[in-house]
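Here come two complexes built around chain A, the first alongside chain B, the second alongside chain C.
Showing the complex of A and B:
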């Protein structure tokens, strides 16, 4: 089982949405990362066969998908970015309609729908109208639709947007299990969704594929570029202005633990010396930190870092009571959790502010890009 | 590809290799694909019949022969081994490709037919559309009955005018149902389904046509039996405006953004209505026509245009991006 994407190109008017992308998908979970407008959705639509490439070819097991037609569509499931449904549809109607679209026989339809409703905890809302469901539930209905025909190739465009942390974890586990002998391609802004489960990741930027590999391989690209230090809160604005800060955490003594990206420690050292003046602070010396996929993402998309860092800063200043003169202070974990919404609890560990900021940088990135926003 | 050198051990020659490769790549009958009784075995056993079965059986045998030849090469030169490895790789690649094809060609279990799909569409789309149309025309008929009285139905000129407008309304009210999936963002899900967007669009068109045919049929019978209008005139004033409105609507499909399609259909209906009104004022005999060979030819021509437009829409709808415009 193999899906070959061979030099695919797609343009819209004067914009090249996908530019000469080649990759070969094999069974496992594939994460497709990239900022908004990177071309992920266009690429997925072409893989789903609902958009025609201007150049290049997509082949499944060596055969062009254009020649396989219905047979190809029989073996894949697709969850579009925008979940659509007819307003009069209940969950039951929607899934039965989707089953009819996929050509499932009636006797199989009922069995399969029952399985999926239980798997995705939708049994209670089976007869409810979709329009009355919450965003997360609607998303789960969409996921159920994609899984209806037990596809060999599953294409999910931002499947976890709107899911709460518990649902995200369950969904990730479900996908991991499902992908044992199938190809699962997930497009997402939420790096943690693919960090733990993706067999391989591909990163898109401006329509092109700029990196591909396992999480471990990709993370090596930012090895030695991730730093952390603990600084007095008054230094923070300068750090935010001059460095790519990816994470902040308030320490008990009023200082701030900063995680940032830099080519080397020199820049941060210079900054530290300038700010510290005569005073020397051992904790303020930057030390290398273990890189994560999120760091790579933010390294590759620096505009997101700057944007998010500013957003974080603004949000912190707005939402949190000012304790010290800097405007930064401590907040209880529960409050942090409520502020961060869905980004907490993916690990099931106790919430710390550092975690929430880290997680939120993913969510806020997607939210802001969608025009919604946490900023 | 091949070294062309003679093999010193005499176990296998380059010619044998070429033969094996040919069999793997192009196909060749193998003894090992058949059991003594002539029964086939190997991978071919697992593969349900499809168009290239014979080719697959040959490939299966070809690959085994290559493997067998490889096993007989313990004392060969480095060059020969390299060639053997390349041959094996190429044969396996090609074989794997065709074997992989067989997986998808086997299909993924039983699937419902288009007829069954169409019947299900009645439940999901047809009933709602027909209910809306029935309510719309029942209300329209009742209002006219109350306002105009019994005399209205006996006056040939009024009746022709009424049928013309009703026919336009029938076409205009049903067309937006075809494009409903764009309005509610279902088109991507529908397009990625087994029948693709073209199949779904075709099903919706058939559904619409069925509904309109029943509706116009009932009106036709009612008009013929209960009014003073002749059969020919009733047929003409019901069919011609309907065909014209349908042709305009189908022509708009895929040429304008889906979001404005319902409004555009309404606008097209309004234009036709206005045109009929103006024609009625300018030409006294406009509402006194009957079905002549000339009008029949016009109806046939517009029917052909409608079919052409419908075919175009279905053909283009393979990739719904063309419909999104």
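Showing the complex of A and C:
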């Protein structure tokens, strides 16, 4: 079982959305990473057969999907970024409708819907109109329809947007189990969604495929480029100005733990000396940190730090009580003020991308791999 | 069939559909009742007036024989002479009701039949010699021939075709007093309203799915293309068709019950032009208008579904759908006559939603599509065109939906 994407290209007016992409998807969970506008959705739409490539071919088990037609759709499950549904439909109506369209026999429909409702914690809202459900529940209904026919090939475009941390963990576990002997492709820019479950990852940038491999293989690309140190909070503005800070956390005694990306330790060393003067500060010495997929993502998409912070209005959260009353823990008031709103982007610094503190805690609780130096 | 059933269920679950269905029913009841309120006889109004009219004209009911016509005209003229009146307007109200009204029903069309063959101007009933009515139906044929010479001057084929059609009209005509042509006008108006409602139901069939993104998911499913496209089209046609049929049937049943079932045996020539080309009674033309309207409505829905498959937003699809419904009216007023006639035949909604271009009003007229030595009566062309357009547009809609890709 394999899906071959062979030199696919797609352009819109003057923009090349997907540029000569080739890859072969084999059973397992595949993470498709990339910033907004990287071409992920366009690629997925072409795999789904709802958009025609300008050039190239997509083959399933050696046969072009265009010639497989209904046979391809029979083994296919798809959840697009925008989950469209009929406003008059209840969850029950929608899943029955989708089951009929997927050609599920009537006798199997009820059983399968029941399984999915339990699996996705939707049993209580079975008879409610979808339009009245929360964003997360709507998303789960979308996931349920994609899984109805137990597809061999499952394409999910931003499936976890709108899901709360608990739902995301359950969803990841569900997918891991589901992906045995199946191809599952998930596009996301929430790196943690695929970090732990993806068999392989593909990274897209400006329409092209720039990296492909297992999580372990990919994070090697940023081996030696992830650093951490604990510095006095007053040094922070300068660090943020000069370095690509990916995470920071308040520590005791007015210090801040900083995780950043740099080609080597020299830049930070220089900075430390400049700020500390003659004063020695052993904690401020940068030490290498174990790289994570997120580090790779931010290394590859440096512009995303500013974009993400401004666009999604994420604010830094700490698990410590605020001292200054700003909500930003022990960060100096001036800095806290600058972090309000979207000023994170202006300093070039950021907080934990794609994960809130609660995500991190949840990852720890679930005993999954955790990047070094973050907590 | 399961997809079709679920699609049908989906359409019938939408609030808008129910609102439109209930509105259709309400409009049907209202429009069936309203025409009775317009009848006024002898100081009476509504159904009482209809009953009074039937009493007054009871003696003339049945076959319209030359003898009956002569007797009615003689009585009419005697009354005028007796009161020294030149026209009926000069008569006292009571006299007009008791002596003139009994004759006017059967004398409908007499002055038209005896119109000047060159000018087409009809004489007053007071100026026609009752003896001439002895050969009334021959005069009808002669009148049609002269009319067609005026109407279709350069088209002898059309003139000949009109005469052939009229040869099939059953004579003597039949007349059963009490029916009002207002009821026919309201049937046309109801057809127009129902077609607009159908347009609102059919316009979002595909475009709504494009707009919401539901289409992206559905067309990735096994039956999400041809089967779904055909089911959606079929369900829209069925809902709109059944609604139209039920409302029209209800309208006819109520109307005919109110005016009286005996009245609908009247020949259409006794209500409209005496030389009308359709060989039908009122009841027959009611059902024919409804049937042709249904065909026109279904063809219009087919066109709207096709438009919906090509348009990505519901609002634009609805605008296009409504425009397609009122297009015949624009064509009727704005297009040059020969081009306008061809367009009226080709635009699917003409027969149901056109009002002025409706099947009934087209049948009252003497319009022909002329091409070289060939001529076809416009109502026939409209029915033929819609019968061909219905499967054509429906198939085009399904095909267009199946082939739809994101751009």
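General remarks:
Please note the rule applied: the second predicted complex is superposed on the first by the 306 of 375 C-alpha atoms of A that agree within 3 Å, B and C clash if a C-alpha of one lies under 4 Å from a C-alpha of the other, contacts with A are read in each partner's own complex, and residues count from 1 in each chain.
What we mean here is this: contacts are C-beta pairs under 8 Å (C-beta built on N, C-alpha and C of every residue); 3 or more make two chains touch, one makes a residue touch a chain.
These figures come from a predicted structure and were not determined experimentally.
Superposition model on chain A: chain B and chain C are shown in a clashing arrangement. When the two structures are aligned on the shared chain, A:145 is found in touch with chain B and with chain C. Ranked by how many residues of chain A each touches, chain B and chain C are led by B.
By the document's definition of touching, of the two partners only chain B reaches A:60; chain C does not.
In the overlay built on the shared chain, the residue A:68 is in contact with chain B alone; chain C does not reach it. Contacts of A:1 after superposition on the shared chain: chain B is touched, whereas chain C is not.
When both complexes are overlaid on chain A, the residue A:45 reaches chain B and chain C alike.
The superposed model puts chain B in the path of chain C at one of 165-173, 183-191 or 273-281, which is 183-191. According to the touch criterion, the shared surface of chain A, contacted by chain B in one complex and chain C in the other, consists of residues 45, 48-52, 70, 73-74, 76, 78, 80, 82-86, 88, 93, 96-98, 100-103, 106, 145, 149. Within the complex, the chain A residues that touch chain C are 12, 45, 48-52, 70, 73-74, 76-80, 82-86, 88-89, 93, 96-98, 100-103, 106, 142, 145-146, 149.
Every residue of chain B that touches chain A in the complex is listed here, in rising order: 97-98, 100-101, 103-105, 107-112, 117, 120-121, 124, 128, 180-181, 184-197, 200, 319-321. Within the complex, the chain A residues that touch chain B are 1-2, 45, 48-52, 60-63, 68-76, 78, 80, 82-88, 93, 96-98, 100-106, 108, 145, 149-150, 152.
Within the complex, the chain C residues that touch chain A are 2-3, 6, 9-10, 13-15, 209, 212-225, 227-228, 405-407.
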